[in-house]
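All chains are identified by letter, namely A, B, C, D, E and F, in their written order; residue positions are counted from 1 within each chain.
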Amino acid sequence: VQKPSHISADGSISMVDVSGKAVTARTARAEAHVRFPGDAARALRDATLAKGDAFVTAQIAGVMAAKQAASLIPLAHPLPLAKIDVSFDWVADDVLRIEAFASTSAQTGVEMEAMVAASIAALTIYDMAKAVDKGITIETVRLLEKTGGKSGHWTL
Amino acid sequence: VQKPSHISADGSISMVDVSGKAVTARTARAEAHVRFPGDAARALRDATLAKGDAFVTAQIAGVMAAKQAASLIPLAHPLPLAKIDVSFDWVADDVLRIEAFASTSAQTGVEMEAMVAASIAALTIYDMAKAVDKGITIETVRLLEKTGGKSGHWTL
Amino acid sequence: VQKPSHISADGSISMVDVSGKAVTARTARAEAHVRFPGDAARALRDATLAKGDAFVTAQIAGVMAAKQAASLIPLAHPLPLAKIDVSFDWVADDVLRIEAFASTSAQTGVEMEAMVAASIAALTIYDMAKAVDKGITIETVRLLEKTGGKSGHWTL
Amino acid sequence: VQKPSHISADGSISMVDVSGKAVTARTARAEAHVRFPGDAARALRDATLAKGDAFVTAQIAGVMAAKQAASLIPLAHPLPLAKIDVSFDWVADDVLRIEAFASTSAQTGVEMEAMVAASIAALTIYDMAKAVDKGITIETVRLLEKTGGKSGHWTL
Amino acid sequence: VQKPSHISADGSISMVDVSGKAVTARTARAEAHVRFPGDAARALRDATLAKGDAFVTAQIAGVMAAKQAASLIPLAHPLPLAKIDVSFDWVADDVLRIEAFASTSAQTGVEMEAMVAASIAALTIYDMAKAVDKGITIETVRLLEKTGGKSGHWTL
Amino acid sequence: VQKPSHISADGSISMVDVSGKAVTARTARAEAHVRFPGDAARALRDATLAKGDAFVTAQIAGVMAAKQAASLIPLAHPLPLAKIDVSFDWVADDVLRIEAFASTSAQTGVEMEAMVAASIAALTIYDMAKAVDKGITIETVRLLEKTGGKSGHWTL
């Protein structure tokens, strides 16, 4: 914790220095789930939501948010991005799974881009369906896999 | 669903028109949880994370993201904000709860601002602790309460 | 023109001062056209574009850009917005018309919000269809109507 | 079109994957035209506009918007940029032509950066002159030329 | 200071709650100075800088940054703005003074908007002149005056 | 100065073309000072400020602003960043010095990123302490050192 009594030249908050890292191909996959109580899932399935097509809107929101990851997460690095993808599948009658994928060729990974894309896509689904039920819940947002970089392949 | 065969003047995606709504005081509270496997919770508690004080960083990230809610959530309305707050408490040895509060005096509510603040604060905790364990999971992001507006008081 | 020889306290660039204006309901409608050479229009109509549903994507891009109008147009005022709408109709086999609507309750108008929404929606259509034909052209971007404010109702 | 009945892992909206593309020098040129009815062109030529020097303002707006292209156009890639340029010439007494140039060394092209720069510069001219005449129209926004990348040189 | 040992519901970082404050007209004026060593001031006066008209560019940068004050300063409130102005005068042969003015009708003041506008205008002057001399220094950035709100008129 | 009488294809504002420059490791260090009149310095030292831990908040604000340098400074180039650091030390009882460091591997330097980080960190300290004393002044914002690029090492 940064305290006035020992303010130092290095500070308490520190961005990781990636200047010595190799530029390599890197990918990450993350997921989020949206659980719908009552009739909200059916409303979404029937595309009867007053705000329109929640799926395409959430895909775009996720893609656009991934491009803003470095301005949302304080110590994340701004990166070029080669590809961002957001997709959906129903894993239960009332649970929508969102998967986000990000790839780059850079000195650091794209885990936060994938996590942000999945989260903002889920929040967009919430926004579009909340008129039906405010109790919709986002569950289990997590990293599934990453490739590239010094630490190499990681899978949940 | 917007289809090329029936492109119409009203379109398939529709922002709610709030021009007829009253300007009233409105608040919202939301929460998110971060579950830490293994020793990651202890690392966070001991403030030994290489990236520094995760809590203040996450508070600020949540507050700043709430101010960007309308540029992250496609159909959300840009609003003035009177107050945003992000706080933390440990609800189990390995589960950190994040609560976000937003208030405004506007024609529409601040549910999305509170949900975004809680989510981005949680993602920031993830970012700061992921070097310890990439399997940290965000759980149960949901609205707890809202006040104000035509629909009035709502609680989970 | 601001010249180094007469740098003055008022400067050469001047934002309109709206502090003395009344808060009134204001709306604006603008349009843009996209002309498709060759088979590009058919590709769009058949929804065969590799990038997916261009219409919903362009709607969302237009809505989101309208919310950023004051950060794109240097002397525009930041405003709350009550509603933004983007819609499409084919006015010829190869000409897509885009109409954007914006409304607010504020001290100044939303003409630029409507113009920006129509323009960015058109540019998004271009982006999604440019792999088919880079010669797609945006034509006749203009204000159609405005209501509210001291100058009142204006129509093209 | 993304439909609830066939939600799939790949989704309906798809950003082009540029991870396999070569980093090459790429440029793009685009243009936009602004047609002034009545005395608006003379007002602009005489630099009598109340908002000041419309030309420099529009140049800067175009340059700054090009840097935001990836946050305006949903499926555009964030890129480093080596140069953006916006210039003006009168092609008729009442028609101002705006030309925008963008260059980069990246895995994908800068067509959208040039198109966005030309469009936002034109919208800024509109904003600065609209107090004289709201009927000013933006015409013929199009790509003029691109170089670099796999598809090589393209000219209108 | 937020410490892991006493994480509490209120947190250590706290945005001021302005929900109980009156909406009143508020203004603020701030200044910054730019000191030019050697020939840099003459280069600026002669408008011979390779990057073009530094004054208009700095005006616009200051105005646009004021509109982003709430996304730059973590605990600042997003506000509508009625007017932002940036102007210049030479207070010595080698010292350029920049004055920024901001006004609003809101629940909180615009001191930070004026301070940000003056600072970013000064940084833009630095950017445009740094090829001539990297030792250009920004000096004495401060608030000159504020009006409105509960604390009323304040002057340096 | 851009004048309507000689509008030319090159324009008066010109971004430096970095397309021919080598990608090299580049760093920059900048500083800003905050002078506190009366008891404001003690309030900051005692961490009694109502807005919380000013130091961590200012660090984060500086880091996040550095990532936005190209959207704040009109002719700055968007860059990847390898590291940004903001630190503090008291150089007198009432003068806080802020030092910012930025590094990248790119075609142009990070001087503006370091200058922006130091400035916005100083403005954040001002924001957090201004309730104690509005007369707090930011002084001597300047570049200390840069490395890399064609012009090589520069030090104040």
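The criterion applied here is as follows: a residue touches a chain if its C-beta (ideal position, glycine included) is under 8 Å from a C-beta of that chain, and two chains touch if they have at least 3 such contacts.
Here the structure is a predicted model, which means the values were calculated and not measured.
Chemist: Thinking of A-D, which of E-F, A-C or B-E forms a repeat of its interface, with over half the contact pairs identical?
Modeler: B-E
Chemist: Which chain pair is joined by more contacting C-beta pairs, E-F or A-C?
Modeler: The comparison resolves to E-F.
Chemist: Could you work out how far the Cα centre of chain C sits from that of chain D, in whole Å?
Modeler: 13
Chemist: Measure off the straight-line distance from the CA centroid of chain B to the CA centroid of chain C, and report it in whole Å.
Modeler: Roughly 29 Å, centre to centre.
Chemist: Using mean C-alpha positions as chain centres, tell me how far chain C is from chain F in Å, no decimals.
Modeler: That gives a centre separation of 34 Å.
Chemist: Can you pull out the residues of chain C that are in contact with at least two other chains?
Modeler: As it turns out, chain C has residues touching two or more other chains at 1-4, 11-16, 47, 52-53, 56-57, 60-61, 64, 68, 74-75, 79-80.
Chemist: What residues of chain D sit close enough to touch chain E in their complex?
Modeler: Checking each residue of chain D against chain E gives 52-53, 56-57, 60-61, 64.
Chemist: Can you check the complex and tell me which residues of chain F touch chain D?
Modeler: 2-5, 7-19, 70-71, 74-75, 77-80, 106-107
Chemist: For chain F, which residues are in contact with chain A within the complex?
Modeler: So the residues of chain F touching chain A come out as 25, 44-47, 53, 55-56, 59-60, 63-64, 67-68, 79-90, 99, 103-105.
Chemist: For the complex, which residues does chain A have touching chain B?
Modeler: So the residues of chain A touching chain B come out as 1-2, 11-16, 47, 50-53, 57, 60-61, 64-65, 68, 72-76, 111-112, 115-116, 119-120, 122-124, 126-128, 130, 134-143, 146, 154, 156.
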